[in-house]
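Let me begin by presenting the structure, written as structure tokens, before commenting on it.
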Amino acid sequence: MSHLIIQDLHKSFGDLRALQGVDMVVEKGEFFVLLGPSAAGKTTTLRMVCGIERADQGRVVFDGEDVTGAEVRGRDMAMVFQTFALYPHMTIFDNLAYPLRQSGMAKADVVQRVNEVAEMLRLGHTLARKPGTASGGEQQRVAIGRALVRRPSLLLLDEPLTNLDAKLRFDTRAEFKRLHRELGMTIVYATPDELEALSMGQRIALLRGGRIVQTGTPDELYTKPQDTYVAGMVGSPKVNLIPAIRRGADDAPLVEMPFGAVQNGPWADALKPFPVGSELIFGFRPHDVAPATDTGGDDGDGGGTMRIAAKVHLIEPLGDVVILDLTAGETQLKMVLPEEQAIRYSVGDDVPVNLRVENSFLFARETGTAIC
Amino acid sequence: MKHKLNILGALTAGIFATGLAVTATEVSAKDIVINMAGPDWGPTRFLQEKFNKTYKAKSGNNVKLVFDFIPWPNFYDRVAASLTSGEKKYQMVVSDSQWIGTFIEGGHFLKLNKYIDADPTLQAIMKDTHPAFVEAYATYPHKSKNYYGFPQFPDTKMTWFRKDLFCHAGEKAAFKAKFGGTLPCTYAEWKDTDWKTWASIGEFFRRNKGDKLGDGVAADDFYGIAYQAGKGLDFSSMQINAFIWQHGGSIWDEANEPKAQAVGVVNNAASVKGFQHYLDLLKWSPPVAKTGQMDIFVIQELIMQGKVAAIINWAGLAPPALDPKNSKHAKQIDFALTPGLRGKDGKISRWDNIGGQPFVLTTWNSDEVTMEALEIVKWWMSPEVQLDFAKNGGESGLMSVMARSDYNSIRPWNRAHVELLDWQKDVWHVPEFFEMLTQQQEEFDKAITGQKTAKQALDAIAKFQQDLLTEAGRIQ
Amino acid sequence: MNKPVTNVASASADLSRTPAASNNVTDNTITPAGGKSMRDFWQWMFSPERRGAMLVAPALIMLFLMNIFPLMWSFGLSFFHYKASSIRPPRFAGFYYYEKVLTDPVVWERLQTTAQIVALSVLLQMVIGFAMALMFEKKFPFRRELLMLVLTPMMLSFVAVGVFFKLFYEPTFGILSQGYAYFFGEPLTLLATKWGAIWAIVIADAWMWSPFVMLLVLAGLVSVPDYLYEAAAVDRASWWRRFKTVTFPYVRGLLLLALLFRTIETFKIFDVVYIITAGGPGTSTETIAVYVYKVAFQFFKTSQSSALSYILLFVVIVLTNLYLYFVNRRNEEI
């Protein structure tokens, strides 16, 4: 049985149409990520799941029960807010104990449970302090601890890492995965950061303008983006998107780009019905570009690669990897190389590269939808 | 010896006056402004108007009288503040009679004996002024021969009643059937009314909303009688003193200083009996009596609004009651003698506390100003002005004016006023009066609101006065 | 080239500081004799290092004349035998009047009356003010209009409020009594008993000042972030618990300020009492402020009233310091 089902959820705030028909299904024990830029509807969706916000239209089914109109208190969920929303006038201990005290739990049990959570989140030393005196990371852990302490079956996390610095984010990502594994609860996690989404989410729903664009595993999103938007959102550095035109015969389509043409991609069959001259977008990951070696493939008509004559335009070192901005004629594209390979190149160098065609995408230029 | 002194005084004053006259003619007309403090009401407004219209200084100076009209509730505070601050703003003051001791001992009010002695007109005025007014308004120490003031507005209390009810044949018959006596209507019938009848009136006219009343029905709860029982200023003492005196009790007698005592006098059995009598009659009054706020303005309003059949109140407050603009019963209200206590001999004792205000001169003026101020006094006390004043709502202080055959008919309360003058006494004039009065009003108020008995209240008053006056050296 | 100096303010700092330069400038201006020294004086007075002091001087002088001097003067008088109504010069009395005031049972009685009124009135203001603030925190139709109406009593003069309520309480004509009579058959004489009169005052005072408490509390309520309420909802807090743990901590500081401020103010209550009951019945509602007024301006016991006033001032100073302490503490909290 699915743990959480959302059907056709609509919500408007005045003129702003925050959600325009969101559908999703979260399985029990799943780590589900809502990915999207700000104002895509992630927070609104979470708030409606936990009941802080009422839906204009649609249903929320939780544990097989329609909770669309139910009180917040009636739902066995907890939520971690982006702002953490810690009670500033209480100690961290009291913050953690807050959800338990309401349920009339015995004092000793409360203390035990809080201590367990505090230990798990390494908050033991902070319990007597007020949240205002704790560090950002500690505050965030208190917020999570407060959500976990009641052992809800569903945990909602609203951009919990946004207010942390980069290092802390990195550490906490691992923490979340560990918690999820240890506690086995269902987690719905909202974030604008695809790295977080890809690294943690078992499944990801990609939101845009109040609608879900694509739902799938990180791998599915990465390898089979349904449109240019998904392709652009998922993967770093960003996907290369090159304007292209359909050429070639009806049954042997050819994709022509400014720096050359390519055929036999995974999209080849799907492209056949498109008339010659259709405007397309050709996409490929920077990871799928590599400097050409003599042992590489041919000029793109036969096997898995396409050769492009390019020039180094810009070098962005990122530590262990380096992004090379290349120009091929008028067109710009990106390539990622391990640091030890990139060291050979400097700006202005001519660099012939091979593109791995089997991993490339093709989209209709007008609608942005994938052709495959 | 005294005679000689008087002649000497007259001589000096005469020489002085001649000198003044000479200067006046030589220097020709001077601008002189007399600022006068007074309460804001009819009698002072009339004085200002009459002055503006008719007054011409004999000296030829250009004399202007500028009144500072002060609302009654602030009157004492404002006058006291001005006098004690030393700003020397006022040349003349309309003073309440009780205050004069305070401001005489404070050095603010001018002793007038030498001027009176020097001026036959003033002497004549003093002689013609009713002795009750001289005593209450002019003398300090009380009943001494030191003169300070002249009556500006001499006031007495009288009964205000509703003719339409008291002279109603049906009501009269009903009253007779119930109480056996006469429901007073005519002047003579009221003259024969004692407190017992007054109480019966209170009981008789207690009607609930919708009950028959006179020719109609009571629009609201209706009450028979009311007299002042307010905590502010002297708004109960003035009536309580009447009861105390009529029952043979006393207040502290300042004329017998320093022998006069307070304890044993103020709270003697007769005083307690008098006060108790006053308290007993309050039960027939409107419920505001229970709050200790039924002051002279409240009872005035009660009769004007038609909530009560008869009240006892100052003549000075009567004109609005006859004005249809203020009063719902302007046509029906009439005036009569106050009730009194009937003695064993059947005679009615009507001792009462005098009201009204003298006007006085202040001490800081030049002789020229003082003389002009006295000229205003003479003008005001002249029979024509006094008569005109009486016609316009005032009362004359002059016996000759009051003796005129037409005086009683000028205003509906004049006859009662004149007849009651012989029954008037006053409270103390010593500077301690305000503390005595305030404490007394508080204690009376406690008795009126049922917190204390009459005896307890008077005991507390007597003790307080004894201590205060002993400390002040007035009791030995 | 020398420009004539026509404006004091335009004279540069350098010129006004060095007499030589200043002479140099003024020599070329066409002014009658004597104007020069006058202008020098102005320049000296308004030179930059003195300008600030000069600008605040008038206010300071006024403050001294109107406040500080009379304060010191009356303080001095409290150590002398002196009656404002008397021409007798003051005689030294030492602490006589302080001793007299502090051992006077009447003073203690008046203080007790005042305390009763303060306690009831401030409590009522707190409760009503808080309740109104909770109401106005929500959005509802005509909220703004209603809020303005509710705030009006605060802006009325004491005297007007006193007169209104006196008329309301009037047993024969008053609306309160008429309403009471409609239900219970007999008129209501609220002012006839001690506690009736005290409540009459308390109601008038609370009517006037509850909006003030409301404003302060409302400021606190508005400062509570919405997400805390949401968090509390998710944490399944009951209404009462949410109020106690989320709302109240934000309001507590302001409420304390309101409490102290209203206590100080109500401690000095005069006008409303003076008009509604004049201290009656008897002396049941005579507050300490009314008593001071009576002693000072009706009995003219100047020394005694000064001594009493200074003792009261001391009480108020203590309360004020408490108030300031909490203001500062709140500032630190935020």
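Letters A, B and C name the chains as they come in the text, with residue numbers starting at 1 for each one.
Heads up, the rule we're going with is that contacts are C-beta pairs under 8 Å (C-beta built on N, C-alpha and C of every residue); 3 or more make two chains touch, one makes a residue touch a chain.
In this text the structure is predicted, and so the values were computed from the model without any measurement.
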{"item": "Chain at maximum distance from subunit A, centres defined as averaged CA atoms", "value": "B"}
{"item": "Two chains sharing the most C-beta contacts", "value": "B-C"}
{"item": "Central chain of the complex, centres being mean CA coordinates", "value": "C"}
{"item": "Whole-Å gap separating subunit B and subunit C, where each centre is the average of the chain's CA atoms", "value": "40"}
{"item": "Inter-centroid spacing, subunit C versus subunit A (mean Cα positions, whole Å)", "value": "60"}
{"item": "Gap in Å, rounded to a whole number, between the CA centres of subunit B and subunit A", "value": "97"}
{"item": "Sites on subunit B touched by subunit C in the complex", "value": "76-77, 80-81, 83-84, 102-103, 105-107, 221, 231-232, 286-288, 290-293, 302, 305, 307, 431, 434-435, 438, 442-443, 445-446, 448-452"}
{"item": "Subunit B partner contacts - residues on subunit C that touch it in the complex", "value": "84-87, 169-173, 177, 181, 186-187, 189-194, 197, 277-284, 294, 297-300"}
{"item": "Residues on subunit A engaged by subunit C in the complex (per definition of touch)", "value": "47, 50-52, 72-73, 77-79, 81, 83, 85-90, 98-99, 101-103, 146, 150"}
{"item": "Complex contact set, residues of subunit C against subunit A", "value": "225, 227-228, 230-238, 241, 245-246, 249-250"}
